[in-house]
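Below you'll find the structures, each written out as structure tokens.
The two complexes that follow have chain A in common; it is paired with chain B in the first and with chain C in the second.
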Partner chain A sequence: MTRRARQGALGLALVLPPLFLLAFLVVLPAVTAVVDTLTPAGGGSGPTLANYAQVLATRTVRADIGFTIAVTLVSVAAVFALSYPLALYLRFSRGRVARVLGVLFVVPLFVPVVIASFAMITFLVNHGFVSTIAYHLGTRTFPRLVYNATGITLAQVWVNIPFAVLILGAGLQAIDDALIDGARDVGAGAVRTFVSIILPLNATPTMITLTLLFIGVFGSFTIPYLVGGNAPAMLGVTMTNYLTQYLRRTESVTMAVLAFLIAAVVGAVYVASVSRRERGTA
Partner chain B sequence: MSTVLWPWAAGALRRAVGAAALAALAAFILGPLLTLLLWAFAGTWLFPSLWPEFSLRWWAFVLGNADVGKAIRMSFLSAPTATLISAVVCVPAAYAFARLEFPGRRALLLSFLSANAFPKIGLYVSIATLLYRLNLMDTFVGVVLIQLVNTLLFMIWIPTGTFRGINRNLEEAARDAGAGPLRTFFQITLPIALPGIIVAALFAFIAAFDEAQGTLIVGTPNHMTMPVLMYSLVLGYPQPVGAVFSILLSLPSLVLLLLAQRYLRAGYLAAGYSL
Partner chain C sequence: MKGRWNVRGLAAMVLAAAVAAVFIPGSAPDRAAAAAPVTLNVYINGDTNIFDLWSKSLLPAFGKRYPQYRANMVALLHGNGSQGVFDKILAAKRAGRTTDVDLWETEPSFVQQGMADGLWVKLSADMLSNLSKIPPQKLAATGGYSIPYRGSSVIIAYNSQYVKTPPKTFDDLVAWIKANPGKFAYCDPNTGGSGQAFVAAAIYKFVNPDKYAGNAYDAKEEAAWDPAWKLLHDLQPAMYNNGFYPNGNVAVLQLLAQQNIYIAPVWSDMSLDFLKRGLLPKTVNLEQITPPLFGGDSTVTLPALSQHLEGALTLLNWLLTPEAQEMVINAVSGYPGVDWKYMPASVRAKFADVAKPYSPLPNAQYLADLKRLWHDRVAAGQ
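Now for the complex of A and B:
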């Protein structure tokens, strides 16, 4: 065997074990789910869409899908709108405020989502901490901030800010100061510099952030389960209930495949973006 | 570093905006955690009192609960197992991805991102139906498998980056001095890569330890880890119980983070979480 062939064989042998695990944990379940849901219940021949038709005919499931997409889009927009300015501020500011912010925003990264959800409830619920403060400031009516879409969105923002700021910040860090100074030297203002230099140069990290956020919120369970309301519920809660409470496995898996389909394009863009970034740095 | 760039960049206004943003962000991020901390030491806390009546009685209740002991044991058995398995399986593969030429290397490395490209809960439901068939529902193996979904990516990508960053000259010098490939790996490459591997293992452990939604589906009712028990404590008990348990649940990650502090440069954080 040549040296090259030997190295190739050794390389493949070393990466095979984790690939096998990955195939067992991601590929096989996904393929099985698709095949199962296309198989007729009565043992008839040929694939059928009956399971999908049945699940989509359920009014509550349709409502939950719409609700899930809406909450996901709003949450992603909210996280992004807060994270981008924060990442810019941390990139271009020195001094104490920036240093404190730089430590502060990472905190939620190390808080398990179950705890974060519960903490959010104690903080925002009627007669909770915020409502107590508001009471002492003279407010007698308190808006409902948890057990609904507002609660889910606020909790998603809390949990996801660190991811978004870290990814966007790493991208901003990679932009050469000389480019920005150059733009300013030829008279570009802050907004112009941002739109024509920073935004395009940070496009790939921005795509990674947006797609990861979308998939993360769309496929979440803990936050909508604890902080969300009963109906409409997010799809993650509904499919878990179908699986563990109603013991209707087929419907649950059908919803899982529907979720895969809805998120498929976003997932593909995510992988392509990370691939593009890696090619840039490798 | 450019310093003057943004419209608010001028002196006092900029400082005021910064301070206001800091205050708002601090209130939003720390507020829920501080509320939780107060609840953990509250006997009762009646609206509209600003301060609870302090007591440690819920600690006695939580620590005396048999389910809690069981969940702690299950967590401390399963999360280290998942971390260890993923380290043993992934670190050699990471070395191969970084240093060896083989067909399909790039595509195979990217394939590990697929765990992130699926909506997690859909993936867990699909894995559960597979585990039903294999009779692995409500077993220790099933719980470890679910936790592996989240650890593989960390243990592949962070060490791959670390191995790539090591200067090849160091390894070649060792080879020139007569060390074989294995000796070179264990005496030169591995020690240099260790900080990266430790950080990856830390992320993997935290991911495994904190995994709740998949384990709830796969491990109920007899293989509940601490985060899974948290669901029922939040939904079925007075607030201080969930708060006390939250503190117990945060302790391991907190201790590990403090121990590994010197390895945790922002670069590693970004590397780990930009996946």
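Now for the complex of A and C:
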């Protein structure tokens, strides 16, 4: 064997185990599940969309899907609105505050999500920390902050900020200081620099952050299960309930395929924006 | 080169020694084999308090009483891995071999599934002398394929400091809830049996419980549940926190302890345990209402192809003695599997308030639909 052929064979051998793992543990079960949802319940012939029609006909499931999309969009917007300024601040500021913030913002990454959820509940619940402070400041009626969409959003924001700041920050690092200085020399203010220089150059990391955040929050289970209300529920909780509590496997898999389709649309946007970048720099 | 160890040779020696250490003891003759106790494997599906009951109380006492046996417990937390155990037993039957599962505490649905394949020993009085101590109707429910050794039921806990005249019937309870909004809660039925029991009690107000407790299942029978959904939906504004259903049995007990609510349905063994440990205020009393909330027994099953049938039968028989049943009461505050009359008078006095008959549990399929319909009709308000 030539040296090149040997190296090629070695590369193939190294890639095969994870490929097999992916094929047999992820791809094959997923394909089997999708085929399952397309087979009619009575065992008739030919693919049918009856399962999807039945699932979408259930009012609570439709409400859950709508609720999930709404909570995801609000959470992603909130995380983005908080992380971009923080990333900009960390990129362009020197000084002690920036250094301290630079360490603090990563902390939620190291806290397990279950613990973070329980901490958030204790913090925000009626008779909890926030409520007690508000009481001492004079407020007597306290809005419910946990066991509803607000609780889910607050917890998701807390958990996802480090990830968003890290990716946006990495994109901002790639922007040369010379470009910023050049813009300032020509007379551009901070806002103009941001809109014309930083935003376009940071477009790909922004797309990546938004799409990964969406997929992450959309499919989450732990936070909605612990911090969410009884109804409507996020899709992750609903799917789990249909499978383990209501013993309805087909409905659960159908919902999983629907969730996958929604996430796939967002994933397509991610792939398109990344490959556009590859083509651009090639 | 001088003084440098021959690394390869050293590594080879270490590797050879490790391989030898692993394999050689296995081939040494087991001199103590003749006197070694027989090890029984007991698979337990449950929660941490049940694991403690078995590993800290029951099995050591059994080992002391019968030194020729030693029991090993395999814990299946919340039933995780139960399907694997069932498949193992089924595979042993199909392959014509014995299985290492000597005793299994599991859900009725697995016992049900295994009956068709003949996986379990049908226990009778000539195999187990203590079988006669079990109330006959409990044995009839399992057909002799599994033995109830402990039980519990859902009861009503109320804080006597705030509730001077506790409601005695289900209708009284509903009236009390409407008169005292925000002071009652039951957990989401997906997360705890105490919530399921309250929902079932609303259903049993309009239908005969026995229709749903057997093995038959017909989804059309659930149309009779509609008045119950209306009742529970109307009750929603009077619930704790405007219709919030906590996540789990323990969450409701905690609300009771923090005096956020004054009445709640709770499991008898959990609440007695909490009272014993001081986690509930002393003013909390327990009672059973009329008609009673549901309850059930935990049963153990004996696989027919167990490797140590004789030892397993001995363990099972010992489990039904007053000595073992008292451990059930002391460790987890459960009801005994045997009839109450075999328990000492002091125990019967302690349980006088709650040791009453309970309503039957709906079977697994009806229970699954109960949870789904509750979610659709009550929580989501469809």
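Operating definition for what follows: the second predicted complex is superposed on the first by the 270 of 282 C-alpha atoms of A that agree within 3 Å, B and C clash if a C-alpha of one lies under 4 Å from a C-alpha of the other, contacts with A are read in each partner's own complex, and residues count from 1 in each chain.
Following the convention adopted for this analysis, a contact is a pair of C-beta atoms (placed from the backbone, for glycine too) under 8 Å apart; a residue touches a chain by one contact, two chains touch by 3 or more.
Nothing here was measured: the structure is a model prediction, and the numbers come from that model.
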Report clash or fit for the pair chain B and chain C bound to chain A in the combined superposed model. clash
In the three-chain superposition, say which chain, chain B or chain C, touches more residues of chain A. B
Once chain A of both complexes is superposed, is A:L201 in touch with chain B (first), chain C (second), both, or neither? neither
With the two structures laid over each other on chain A, which partner does A:T58 touch: chain B (first), chain C (second), both, or neither? second
Chain B versus chain C as contact partner of A:L226, first or second or both or neither: both
Touch check for A:R248: first (chain B), second (chain C), both, or neither? second
Looking at A:H136 after the superposition, I want to know if it touches chain B, chain C, both of them or none. Which is it: first, second, both, neither? first
Touch test for A:F218: chain B only (first), chain C only (second), both, or neither? first
In the overlay, one of 4-12, 22-30, 58-66 or 76-84 from chain C clashes with chain B and the rest don't. Which one? 76-84
Overlap the chain B and chain C contact sets on chain A and report the shared residues. 225-226
Where on chain A does chain C make contact in their complex? 58-60, 63, 126, 144, 147, 225-226, 229-232, 241-242, 245-248
Chain A-touching residues of chain C, taken from the complex the two chains share: 188, 190, 241, 243-245, 247, 364-365, 368-369, 371-372, 375-376, 379-382
Looking at the complex, which residues from chain A come into contact with chain B? 4, 7-12, 14-15, 17-19, 21-22, 24-30, 32-33, 36, 86, 88-89, 92-95, 97-98, 100-101, 104-124, 127-133, 135-136, 158, 161-163, 166-167, 169-170, 177, 180-181, 184, 190-191, 193, 205, 208, 212, 215-216, 218-222, 225-226, 235-236, 239-240, 243-244, 249, 252-253, 255-257, 259-260, 263, 267-268, 270-271, 274-275, 278, 282
Contact residues on chain B for chain A in the complex? 1-3, 5-7, 9, 15, 18-19, 21-22, 25-26, 28-33, 35-36, 39, 47-50, 86, 89-90, 92-93, 95-97, 100-103, 105-106, 108, 110-130, 132, 145, 148-149, 152, 155-156, 164, 206, 209-210, 212-213, 216-217, 220, 227, 230-231, 234-235, 239, 242-243, 246, 249-250, 253-254, 257, 266-267, 269-270, 273-275
